[in-house]
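There's a structure below that I have some questions on.
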Amino acid sequence: MSAVFVDVAFWVLSVAAVGFGALVFRVDSMARATYALAVSFVAVGLALLLLGLEYVGIVTVLMMVMEMAIMAVFMVMYMGMNPALMPMNMVHSPRWAAGVAATTFVGLAALALLVPWPARRGAPPVDVTTALGNAIMGSKMLVMLTVSPVLFATLVAAVVLASARGRYDRFGDDLSRRPADDPAPGGVNR
Amino acid sequence: MLSLVVFLPLAAALPLVAVPRIGDATARWTWVAVTAADLGLLGYVWVRYATADRPGLAYEEQLRWIPSVGSSYHVGVDGLSLPLLALTGVVFVACAVYALREQRRPRQQAALNLFLQTTCLGLFAAQDLLVFFVFFDLSIVGMYFVIAGWGHGDAARSALKFFLYTFLGSLALLLGFIGLYLAAAPHTFDMVTLTRNPPLRDSPLVGGLVLAALLLGLAVKTPTVPFHTWLPPAHTDAPAVGSAVLAGVLLKMGTYGFVRIAMPMLPDSWRAWAWVLIAVGIVSVLYGALVALAQRDLKRMIAYTSVNHMGYVVLAVGAAGVVAPDTTAARQLAVTGAVTQMVSHGLITGALFLLAGVMQERHRSYQIDGYGGLAQVAPRYATFFGVAAFASLGLPAFSGFIAEFQIFTGGIGAAPVVAVALPGIVVTAALFLRALQRVFTGPLRRQSAGFVDISPAETWSTGLLLALVVFIGVLPRPLLGIIEPAAATLVHQVGR
Amino acid sequence: MTLQTVLLVAAALFAVGIYGALSQQVVVMVMMGLELMLNGVILAAGGFWWFLAPSPDGQVLLLVVISAMTVEMAMGFAVATLLHRSRGADMTDMAADLAG
Amino acid sequence: MSAAVLGLLVLLPALVGAGLALCGAAADRVARSLSLATAAVGLGLAVGAALTRPAVSMPFLPQAGFGLGVDALSAAVLPTIAAVTLLVLVFAAADIARSPARFHGLMLIFAAAVTLTATATTLPALLVAWEVMGATSYALIGFEWQSEERVGAGAVAFLTTRTADLGLYLAAGAALAGGSGLDLSGLAAASPGWRDVVCAGVVVAALGKAAQLPFSYWLSRAMEGPSAVSALLHSAAMVAMGGYLLLRVQPLLASTRWADVTVAWAGALTAVALGAVAVGQRDLKQLLAASTSAQLGFVVLAAGVGAVTGGTAQLVAHAATKAALFLAAGAWLSALGTKRLVALRGAARRWPLVGVAFGVAALALAGAPPLSLWATKEGVLSAAREFSAPLYAAGLVASLLSAAYAGKALFVLWGDDARPAGADRVGAGRTVPIAVLATGAATLGVLALPPLATADPVGLAVAAVIALGTLAAVHRWGVPEPDWARHWLGLERAANAVVVNPVLGLAAALARFDDRWVDGGVVAISGSTLRFADTAALADDRVVDGAVSALGRGTRALAALARRPQTGQLHQYYTQAVAVLVVAVAVLWLVS
Amino acid sequence: MAPAVLLPEAAILLGAVAALLSGSFLPRRRQYVARLIAVAALAVAAGIAAVPAGGGDRLGFDGTYAADTATTAARLLVIGSTLLVIWLGGDELAGRARESETYALLLLSGLGAVVMAGANDLLILAVGYLLGSIPLYALVGLERSAAAAEAALKTYLLGALFGITMLLGVSVLSGLAGATAYSQLATQLAAQPPAALATGGVAVVAGLMFKAGGVPAHFWVPDAAQAASTTVAAFLTTVPKIGALVAAYRLLDALPPSVDWPLLMALLAAASMTLGNLAAFAQTDARRLLGWSTVSQVGYLLLPVAVAGRSDLALPALLLYLAAYAATNLAAFAVVAALPERRSLASYERLSSCRPWLAGALLVSLLGLVGTPPAGVFVGKLTTFAAAWDGGLPWLTVVAAVNTVASLFYYLRWLGPAFGMSSPSGAGATSGASRPYAEAAALVAAAAALLVGLGSGLVWAMVDAPLLR
């Protein structure tokens, strides 16, 4: 990849990321906002590829696309909205928000531009993904070991919060009621 | 032995709290018995100490508490603490006897007061700053519940004010302790060590700040002007027993802190600030007396005389900080007087508050103008009150004179400006005579009708205190013999 | 493409995200603001990795960030569902009883 | 042995007195006999002590022992005190009907304090006695406590003398600082500056007790007490002790350049001014009271000019004289219920025995030769004459005035116009002591004999002439009674205006200040507490009423302010949180 | 590698999984089996943690996890606190539909706190944060009431925001250092530009503040304390703080002094304690008051964190205070849990006469929170004050002391009615059904609060050891 190409690509992706990011809060329906966010993520994911992060870039793109899809479904299913049709302008004190955001941006930008960042230490490994794999299985093993209970906890927590009816509602207090008492019957072999 | 003295009341309090089935009479008499037993132990300690050859710290006990922080459970008695320990024992016996007539929750009252007694004894026995502080704070808590639980009038409010105010003082004290602790090398909270090697000798600024924190904390407790305003409402709304303990014992914690902690541990700063103390003492003496003179409420009046009397102590310890080569004798006299005054004030004011409680008990009023001619219907009450009043105004043959004479003689000898406070003596006399005249003499007025003379419990409790007042007033040697060596040591420590 | 420019873009994304998080009333939209902020963090982390220290640590960090984003969003949906069920609300303004 | 005598001398009446006073009504039956017995034993002990001159000292306070001793001075005074006490108690046994136990108890304590004063050799011992004396005088003057007026009079006496007593506290401190120790005899050895302070303190205390100017007014109020009390108080006891103290510390006075002159003039002026006051009185007891001040003035003058012997003689002679006069006045008061001179006219004729005794004593008071005061006074005046001529002149004026007031009383009581009505007889219990005392008044001049031997006969003659001449003049023309003299020079009003009222006003003002300002901050906090702590029922109607100070308001406002950010609005939380972080970063950027 | 280092953590995790799974097969009334499983797992974990496996302090997993004294203390504290929470919730949770899940979530969140405390690597810290937070959102919302949902929402949104700032900070710091392990942070960051360092540090600290419940991320604490079930309220005001504060100490100890970290932490501490105290002044709901009081307590707890590495007293003082605080705070919540029908302060009227033991526990806990000796918090406060002074922040000590006085005020507003001192008229709520578990837990916790103070010498000796890095 030539440097020019990289630069051009980066700027295009950057503009896309920021532009679609901003669009999230400009469009008038949640569905569109979701799509805009997805595009922004994809742009950043691609930018990561430019930064040599092949695996992570791809993962970002994939994860975010999936997530945005879920988000859209979620909104239709649970919120009972037709995302395409609901006009939306539900904001409060946007001036304050804009002020804080602008201040933050100025601060972070000043940091980015003014700080004498140190020189690069070391060189990127030849096979970035292998290095990542080694790290995960090696020095940073504990991180991934801990992520797994995080995912487990997320599962439990999300289910507990989101589902109103637990097993005792369905199967009775001693779990002996068959079939389950569901408002909308379903399931295998039903 | 000393720990037994300190914790015996607490040990007796626990079953009283824990077993609700204990009857009222049992609880009352248990209280009396335990305090009497404790006083007996204290008497034994006193005799042993008085007859021992070696003055200084005796009955020392030391147990590891937080060794890494340089704090231990360290207790002991010397000539400064022994009189106050004994005072505590006596005042609580008197209170226990007085409360034999108490109808409101006697079991809890006994337990609470026994707890309070342990905190007071522990404080005076403490030889470690943290131990001192623990008991200091717990005494506040205990007294809060005494006032709030058994008080009258606006008790909740007064109790809260008391708690907030003195708690503020205790935290200032804590800051001062931390300052001492950090300044000592190696860090320690041990009073004996800190006294032996006073820290902060070469840093007047920090030393001054630490002393300021200590003084603030102790001044609130004492109390001196202008930190005294918690005292009148606390007394006015407190029950008689609570007032007696508060004025008789708790106030002494402040002045005891002066002689036990501030003076020997920060001698340089103490000398530098002595003039401030003298000024505060003078103002407290005069201001307390004058404000007391204007009171219309008997108990408030007595409360303000406490400000006056404790002002003498501050005056004396302040004068002891004015070091000059040829005034050693005067300074020793002043310090001896200060400690004597603590004991004397404890006994006298304890008696006065118990007697004032009789008024509340009979007619729910302390208004001086509401009474008149009481001597006619309650001659014994009048006699007792008169004796207590004359003792309080510093008449010879009572302990107050012994203390005040020493304070003034020594104080003036060390710092002539102390003489400015002399009119306090006259104003105090005036206010007591006025009160006596209004309440007890003249024709019988409305409130006085049907006033029943004091009961045996009231007689014996106040009689015990007044008998000691007279004893010290006539034969001060047994007490002074204990105090003098300690005062000499202290004066030497301040002067080094 | 320098570190500065990458960081600048990241800062822009982060700021836009903050704006969204602060200004939106609907819970899900607030979450989108948060996602955008994370988006900026991802970009910045990538930039740091490439320009400052291309060590494996940086990559693992990115993975952690992405996992965090995922699990936080999952929780977000769950909480939004709960809110919807128990209060019939989907806006933060409608859940403002606890104050003071 | 001798120490035991001294101890008993003080302790016996003190203990018996305390016992009687504390037992109160329970001891009424035995009170009189017990008290008289005690006083009699006391007299014996006093004589014994005067003869053996014991001395004793015991440890009391650090740096200050408790020393007692009898020397030439106290050897003369002690028997006087004991004798007068006994006689007055005999009179009182007949005179005082109510609560005898309390009365005799207090009298004995009082007598013990006086004895102690007379024997004290150290400042602490002196101060103990001094203050107890003041306090018992309060209780005795206010003995009939049902009258607030009398109790108030006692308070005035106590407070006035106590104010002066502060001088002794000051003196003690100064003596310690001056390095002289607290022995009375050694005070003159204090270092010069401190010696002046010691001296000033002692002088003020003594002038107060001796009712010299400007403290004289308390004596007037003290007349509201029982006559027996007045008799003791004015003759051998409290007032006399003021003069006695000055005599005792005469070397100290002489050691300073100013004290002796000051004291001498204070005595002389008092003798003149209070002499005039006495002349102006229309009440027998008031007249006698003012005359006490005036006569003590001679003692004080004696101390100032260094005539210790003369002063002592004057003191002793005056004690007998004045006790007799007061007892007589008391006898008539009991019999007639009045002490107004107008109403007493002719009383002496009706009760001639008492009248004669009164007459002898009054003549002695007037300085008529050859009665005691004529001689003793001259003993003082001759020393004054050597000291300074103006002082002597003042002394002569005072002598003239004393003859005038004595004559006034004498002639009224022996007047023949009317015979006042009242009880028929004055019992022996009252008459005998009066007679004995009058005898003493007549004869105690012998005490002054040793100096008289060397005295200037001219002076004696002048004194005699003045006394007799004045008596004649008074008999012929009467005396003027100017208002200023009748009202004791307005001294009490002045004291009230200058000291008492300002102090009371200040006290009230400070009390208001204390409640409103010093306490204000805390009041406000507790006010808000009350509001919160009490349940709704109590809460609103008892809101802090008046004093809400800045601290309380501030704390409450801050507490309310602190809850404001917790709006419940999430986006505001976000804004705040981000803002705080931005600020935190900015601060760190700035300080780094 | 040394996986044995993580045995206690593994035990907790297994306990969580087992409790959850067992719950699926248990009848509603017999979910105590799940409770027993959770308790057993915690007990095992505590046993392993208490016996230093493989001998004393050491690092594990290539230095990313420090199994040192501080971690051991945090483990034991978290485990002990969680046990107490389960105990005090024994009545409230029994028979609830989500009882077993609650235990699983409690264990998971506790595990997150432990991981944070032991984290010696920024990444572990971030993951620990997630592990601690996510179950917390669920726990808050478990009550399923409108208020609980709102509290869950706020907790979640704040948690998400501060999670993001934390990740931002981690990115910046690791970018600057070129590594994420604390050992390398300490050496690599010293030469880096302070401005960037400050930004990264503040961002990470902000995340920790969310877990600790301190300013500026305190908003969720009073809401959650008020609206969640009492069991959960007790948990979330206690356990996350343990992890977060130890983690903060570890982090600040590792950060180089080129930035004035003590000032930052001191300001946050002062703000937390002042805001918490003032806001608590006029509260009328007992649990909300406690929520605010924990905000102020975090302020005091931040004192030793502010002087991390600058005073020998700081770390033991922090751990001692945490121990005392945990016991004391749980005692207060246990009393609340034992009296579910009393929500407002006024309803505690006359508690001392009808439930003297509970009143005693309340007295010990509230006065303990004030710092009255000899309760543990007193020694904690004393040593933290001393540490702050020693570490060069005497002004902060004074601020803390003044705040302590102010705090007394609202605790007394609660104690006053409880000891029947304000108005005799109030018809004190008649005590409802007995809640034996909560009552016993209250007494045990109060006793523990006292014992920590009385035995503070022992506790101190146990925790007085340097950090491993």
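We just call them A, B, C, D and E in the order they show up, numbering each chain from 1.
As a working rule, a contact is a pair of C-beta atoms (placed from the backbone, for glycine too) under 8 Å apart; a residue touches a chain by one contact, two chains touch by 3 or more.
What you see is a predicted model, and the numbers here were worked out from it, not measured in a lab.
Engineer: Among the other chains, which touch chain A and chain B together?
Structural biologist: Where chain A and chain B share a partner, that partner set is D, E.
Engineer: Return the chain whose centre of C-alpha atoms lies at maximal distance from the corresponding centre of chain A.
Structural biologist: D
Engineer: Could you name the chain whose CA centroid falls nearest to the centroid of all protein CA atoms?
Structural biologist: Answer by centroid distance: B.
Engineer: Measuring between mean CA coordinates, which chain is farthest from chain C?
Structural biologist: D
Engineer: Higher C-beta contact count, A-D or A-E?
Structural biologist: A-E
Engineer: Quick one: chain B and chain D, Cα centre-to-centre, how many Å?
Structural biologist: Computed from C-alpha means, the inter-chain centre distance equals 33 Å.
Engineer: Once you find the CA centre of chain B and the CA centre of chain C, what distance in Å lies between them?
Structural biologist: The mean C-alpha positions of chain B and chain C differ by 64 Å.
Engineer: Report, in whole Å, the distance between the mean C-alpha point of chain C and the mean C-alpha point of chain E.
Structural biologist: Chain centroid spacing, chain C to chain E, equals 26 Å.
Engineer: Please compute the C-alpha centroid of chain C, do the same for chain D, then give the distance between them in whole Å.
Structural biologist: A distance of 92 Å separates the two centres.
Engineer: Can you list every residue of chain D that touches 2 or more other chains, as numbers and ranges?
Structural biologist: 525, 529, 533-534, 563, 566, 569-571, 574-575, 578, 585, in rising order.
Engineer: What are the residues of chain A that contact at least two other chains?
Structural biologist: 92-93, 96-97, 100, 104, 107-108, 111, 117-118, 121-122, 139-140, 143, 147, 150, 154, 157-158, 160-161, 164
Engineer: Would you give the residues of chain C that are in contact with at least 2 other chains, written as numbers and ranges?
Structural biologist: Expected reply: 14, 18, 21-25, 30, 47, 49, 52-53, 55, 57, 60, 64, 67, 71, 75, 78-80, 82, 85, 92-93, 95-98, 100.
Engineer: For this structure, enumerate the chain pairs that meet the touch criterion.
Structural biologist: Here the touching pairs of chains are A-C, A-D, A-E, B-D, B-E, C-D, C-E, D-E.
Engineer: Looking at the complex, which residues from chain C come into contact with chain A?
Structural biologist: 1, 3-20, 22-26, 28-29, 32-33, 35-36, 39, 42-43, 46-47, 49-57, 59-60, 62-64, 66-67, 69-71, 73-75, 77-82, 84-85, 90-91, 93
Engineer: State the interface residues of chain E toward chain C in the complex, per the touch definition above.
Structural biologist: By the definition above, chain E touches chain C via 122-123, 126-127, 130, 134, 137-138, 141, 144-154, 156-157, 159-161, 163-164, 167-168, 170-172, 174-180, 222-223, 226-227, 279, 283.
Engineer: List the residues on chain D that touch chain C in their complex, please.
Structural biologist: Chain D residues touching chain C: 563, 566-571, 574-575, 578.
Engineer: Taking the touch rule as given, give the residues of chain B at its contact with chain E in the complex, in rising order.
Structural biologist: 17, 20, 64-69, 130, 133-134, 137-138, 141, 145, 148-149, 155-156, 159-160, 163-164, 167-168, 171-172, 174-175, 178-179, 181-182
Engineer: Enumerate the contact residues on chain E facing chain B in the complex.
Structural biologist: Touch residues, chain E against chain B: 313, 316, 356, 360, 367, 370, 372-374, 378-379, 382-383, 385-386, 389-390, 397-398, 401-402, 404-405, 408-409, 412, 416, 419-422, 456-457, 460-461, 464.
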